[in-house]
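Next come two complexes, and both contain subunit A; in the first it sits with subunit B, in the second with subunit C.
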Partner chain A sequence: MPKSAKSSAAPATTPSAAVTPGAATTPGAASPAAAPVTAAPLTAAPVRLAVRKTYKLYIGGKFPRSESGRTFVVDGDNVALASRKDARDAVLAARAAQSKWAGATAYNRGQVLYRIAEMIEARRAEFVALGVPDAEVDATIDRWVWYAGWSDKIAQVTGGANPVAGPYLNISAPEPTGVVGIVAPASLLGLVSVIAPAIVTGNTVVVLADAPQIAITLAEVLATSDVPGGVVNLLTGRHPETAPWLASHDDVNALDLTGVTDPELAVEWERAAAGTLKRVIRPSGATDFTADPGLRPMTALLETKTVWHPKGY
Partner chain B sequence: MFEYAPAPESRSVVEIASSYGLFIDGSFDGGKDGNVFKTVDPATEEVLAEVAAAGPEDVDRAVAAARRAFTTWSALPGSERAKYLFRIARIIQERSRELAVLESLDNGKPIRESRDVDLPLVAAHFFYYAGWADKLRYAGFGPDPRPLGVAAQVIPWNFPLLMLAWKIAPALATGNTVVLKPAETTPLSALFFADVCRQAELPAGVVNIVTGAGDTGAYLVRHPDVAKVAFTGSTEVGREIARSVAGTGKRLTLELGGKAANIVFDDAPIDQAVEGIVNGIFFNQGHVCCAGSRLLVQESVLDQVLESLKRRMATLRVGDPLDKNTDIGAINSAAQLARITELSEIGVQEGAERWSPECSLPDRGFWFAPTIFTGVTQAHRIAREEIFGPVLSVLTFRTPDEAVAKANNTPYGLSAGIWTEKGSRILAVADKLRAGVVWANTFNKFDPASPFGGYKESGYGREGGRHGLEAYLA
Partner chain C sequence: MTVTASAELSDLRSFLHGLPGVDKVGVEARAAALATRSIKADSKAAAIDLAIRMVDLTTLEGADTPGKVRALCAKAIRPDPADPACPPVAAICVYPAMAPIAAAALAGSGVHLASVATAFPSGQAPLEVKLADTRDAVAAGADEIDMVISRGAFLAGDYRRVFDEIVAVKQACGDAHLKVILETGELATYDNIRRASWLAMLAGADFIKTSTGKVSVNATLPITLVMLEAVRDFRERHGRIIGVKPAGGIKTTKDAIKYLVLINETVGDEWLHPDRFRFGASSLLNDLLMQRTKLTTGHYAGPDYFTLD
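Showing the complex of A and B:
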């Protein structure tokens, strides 16, 4: 059956009413004279079936279903259940997008992040409808704005000229580490607080998200905010199934385990990440995402490159 | 080529005892179980001294001493810690000839390098971080950065005293205490450093030196009372340490292997580039994690570069590390010589062409002539694996994009070199290289103010500069 048949509006309409000529031409208009005895009384206000959202994955700027064809039910919705292959596809998409995103000007990345804040503001009702408190939506928007401003400042704060003892120009500058695998916290603010510091500096991310409806709604925001496809990839599903593949993936440079709640799994994945010497952000217990994040969420995903050049005539 | 009369540096400036114990809690003692190992002069295979091999109980004692010392050391005003470090820097300067000779004896490196590179950098490193000790709140890590506790530090044999300085100076400046394990083949300068600490009247337990082999280091980094692990060495051991540290909450920095590309464009000043190539791969016998071990030459100047390079290599003097005219000293150990020899043979088997200048090598000791391989492809093991010896693999490229792609085609990412007269090309190529240090029209330059460390599987964290403080602060 089409999804609309399961709509909450369905009980107000019966199949027989739907084939009634009068009702079909003037839906909602009560017409006692023409009403056949078999029809239900049309007394309600105008009704229609809601068009529901299909919650799919977000990979490479597109919204594919899981390649596995699997879904799982979350709060009554069938949500895509990401597979190992989806995780690998997402890494491919993230890698493909990384050099261009890192190569964009810091000013441009800042504008894109600011645009994300604008788009959440516009879609605030959607997040509230998913149960996100108003104050958390506010904080989420403000967090994007905060990070947007960092894009063209972090290099000056964390890098600069080094006064070496010799006739050399010596400059250190931060660079994104590359592709970051993230096991995200469940809340909207938590999710944004791990994505924003990674991408503002030019990393691209593969995010294993909790709270799928919130995460995919955020993905819809990202898709309409000029964030290039592949910069953020969001997978919904069961982390213990997909996270090990991110942790051991040769083409993932860093692993953020902030959202991991099971300490044993965190250790297992940190150990797996050692195989390719990934940078690992360990879970820090109950992070207070309303607090000032400081620089560490950004610097943990930055490399320092130091360039030397002799001075002379 | 000129004949040079021998010009040996006097050995008498350093007095090596016949045996050394462990430096724990401010004094030397033998290991609990009495195990010892010998350290030899790789240039003569002469035994220099017997050194205690620290067992688990010894490491336990060292960590306990460092824990006790941490309470008072971390509570000292930064300005007081700074003065200890300034003292250490000064004592190293005062004893630098003694330490340079010792380093060349135990390591095999030419005295010209230990005297002119290693020791000045060691002193400068302590001097640099001494100045940070009372300025940490201005370093950008928050208003009240705190030390972590006991730092377990494991260092390699290629720059024994310099690596010690890179580890100990920032750790002490930030208020941490240290248990350091020097490499099995080069323990002596660390033990002499213990005497420097004694002369500086550094409080007991702030620095502890435990000598031993890999199992001593493995036990140390796994010790539950250690808050911070810093390791410089091979990528393989680095992986093991990262695995063992997982889930412990210990902070970790790793400075691991490399396979650096040294890229020569067709407009490069060839003579300068050749000096840079030679310095890049033959400095310290190529026992350098950031050595320019892959030479990428633009095809149009390949013949010219090779001709100049070979001519220059023919003037390199291989031999007695204590001779002031020596360019290339001894390979550090029989095991390392075996690895270099094996990989070089594999290079020939895989089809690359091997060349070395004519040079006579001493009969005793561990020696390897400076060697280049031409006709190397990216698939060859000598283009992929770290040889850690005086062996250069030469590859070619046509376009800058190809040079960048080949340079980055490695799991390592520690350093790289660029040789060209075109400024915009330097900047564009430097931007694209995935390496922590990029030397443009120079190579193998180091400075305490300059952050050093790798991308990808060359490790994480930076040593040197303001950046080097971060690994030791909470």
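Showing the complex of A and C:
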């Protein structure tokens, strides 16, 4: 196998990249190297071609390519480049899943979140291979377990019976905001720190993710963790292309801009969200995801419903 | 009588069975190919407005109440209250019992009132009952009648009986337009659909309609293509223009636009008019309104901003 001719042309990070389909699309890779491959003696042992993963989107529990058919290359991997139509499809999927997810018992949601933690544990090596430090994987798993525990407690902490001056039973109960659009931070821990609080409270999310390989590997975790399809939808691509459509979408109830690094874009998207009176989460300054998040990420995506019920005589 | 006098009527069976068979693979491939056509920007805006004007806004539930019918009529007249430029729909389609309420609500609006009749949806009732049903609906103010054919008789090969029933209902309609529902989902083959289309047209139908919306297979593109070909050929032969109404299962703007493409490519733009083509639908209208809002406002619309029915 004459590897030298090809590997010089392909800017690949792995040695096997020279014979993969991905490398063939690289400019210049197809030219002079093709002939020696076909000219290899028939008696030689067959060369095994590596089967490399195309990182696709995660919408409605499935892994579709972008509706636009576009991909972009990240660290030598082909990654789907989401279009605004993909964002719209993801919102549809999130909306369709929302009432059932919110209607599941808190106990059940907690179990599902705990299961996610288990599955990350099982795929630890995969995340480490993508460059996530061991300590961060630990922190990520702990974060899921921490939020899983809150599923049946948050309503008790943020809601309850209110003392009122009248013959009424007055109760406040937190309810999910609905469909949440999230521009996620690049790290695994950051990604989990914005998804987990949103879904544990019964929301469904459309996430615009950075670090596509890590995000889609997390999607593979979610797909095998009893998370109903559509509860979490992950899109990879260029945020300025898709985020404005989420921000202005009538059927998105809240927008989390935690992962936006350019303050001007954040202002622009917050403004777009104002047209539909969305809740917008925009932390001032960088967030330290290793710190105890507190209840704020969860309460930010809850609406309080208060019921007055006449007491009988 | 509007039926064209011709040799076809003297031997209905030989005529219907002499119609060329439908190429199943061909018609499905043709419909699928036309469904890939992309309609964008200004053409899309025009297509959405046309589709809204073609909607027969339908409620055919046992649970229909006067209040629901009145609400639906208000929506038919002004589908998007936020935008006066949004056109009204073609008609409201209700059960005969609800026709008086709808007639009062629609008076003077220009929106037609269609009522299903003839023992909808099964059609399994004596002819006298069907005719009385029709006369009642017309008396209540319906100017369009959606009748069902006797599929049992048709499938048994008793074409003459089906034919005579349509003729009798047409007479009972008086000035009201008659839409004949073939219930294509129960006719099983494209050949039967072509035969039933011709039978209904020869008997005097003003429209041929695919389905009641009450069986598992409703309107599909290939079925509508077969019916459009039938109205095209009928016009060539007899000079009379018949309308087509697919009903049931058309839920999205994308679906509706596929039908518009199908019309344009099969019978031409003469049929791109609410007098020639209708959509029998309920949830379709909201999707059309959402897509329309997307085009006028520049951002995606959500179902929360439109009425449920």
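The rule is short, and it goes like this: the second predicted complex is superposed on the first by the 262 of 313 C-alpha atoms of A that agree within 3 Å, B and C clash if a C-alpha of one lies under 4 Å from a C-alpha of the other, contacts with A are read in each partner's own complex, and residues count from 1 in each chain.
Here is the rule we go by: contacts are C-beta pairs under 8 Å (C-beta built on N, C-alpha and C of every residue); 3 or more make two chains touch, one makes a residue touch a chain.
Since the model is a prediction, treat every value here as computed from it, not as a measurement.
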Touched partner set for A:D75, first subunit B, second subunit C, both or neither: neither
Contact breadth on subunit A, by residue count: subunit C or subunit B: B
Touched partner set for A:Y168, first subunit B, second subunit C, both or neither: first
First (subunit B), second (subunit C), both or neither touched by A:D226: neither
Partner chain in contact with A:H309 - subunit B first, subunit C second, else both or neither: first
Which of subunit B and subunit C A:D262 touches, first, second, both or neither: neither
First, second, both or neither for A:D251, with subunit B first and subunit C second: second
Which superposed partner A:G275 touches (first subunit B, second subunit C, both, neither): both
Touching partner for A:D142 - first (subunit B), second (subunit C), both, neither: neither
Interface residues of subunit A shared between complexes with subunit B and subunit C: 275
Residues on subunit C engaged by subunit A in the complex (per definition of touch): 293, 298-305
Interface residues, subunit B side, partner subunit A - complex: 124, 140, 142, 235, 238-239, 242-243, 246-247, 249, 254, 256, 411, 426, 430, 433, 435-442, 445, 447, 449-453, 455-457, 459-460, 462, 465, 467, 470
Sites on subunit A touched by subunit B in the complex: 157-158, 162-166, 168, 170, 172, 177, 253, 263, 266-267, 270-271, 273-277, 279-280, 282, 294-295, 299, 303-310
Contacting residues of subunit A [partner subunit C, same complex]: 88, 91, 95, 245, 248-252, 272, 275
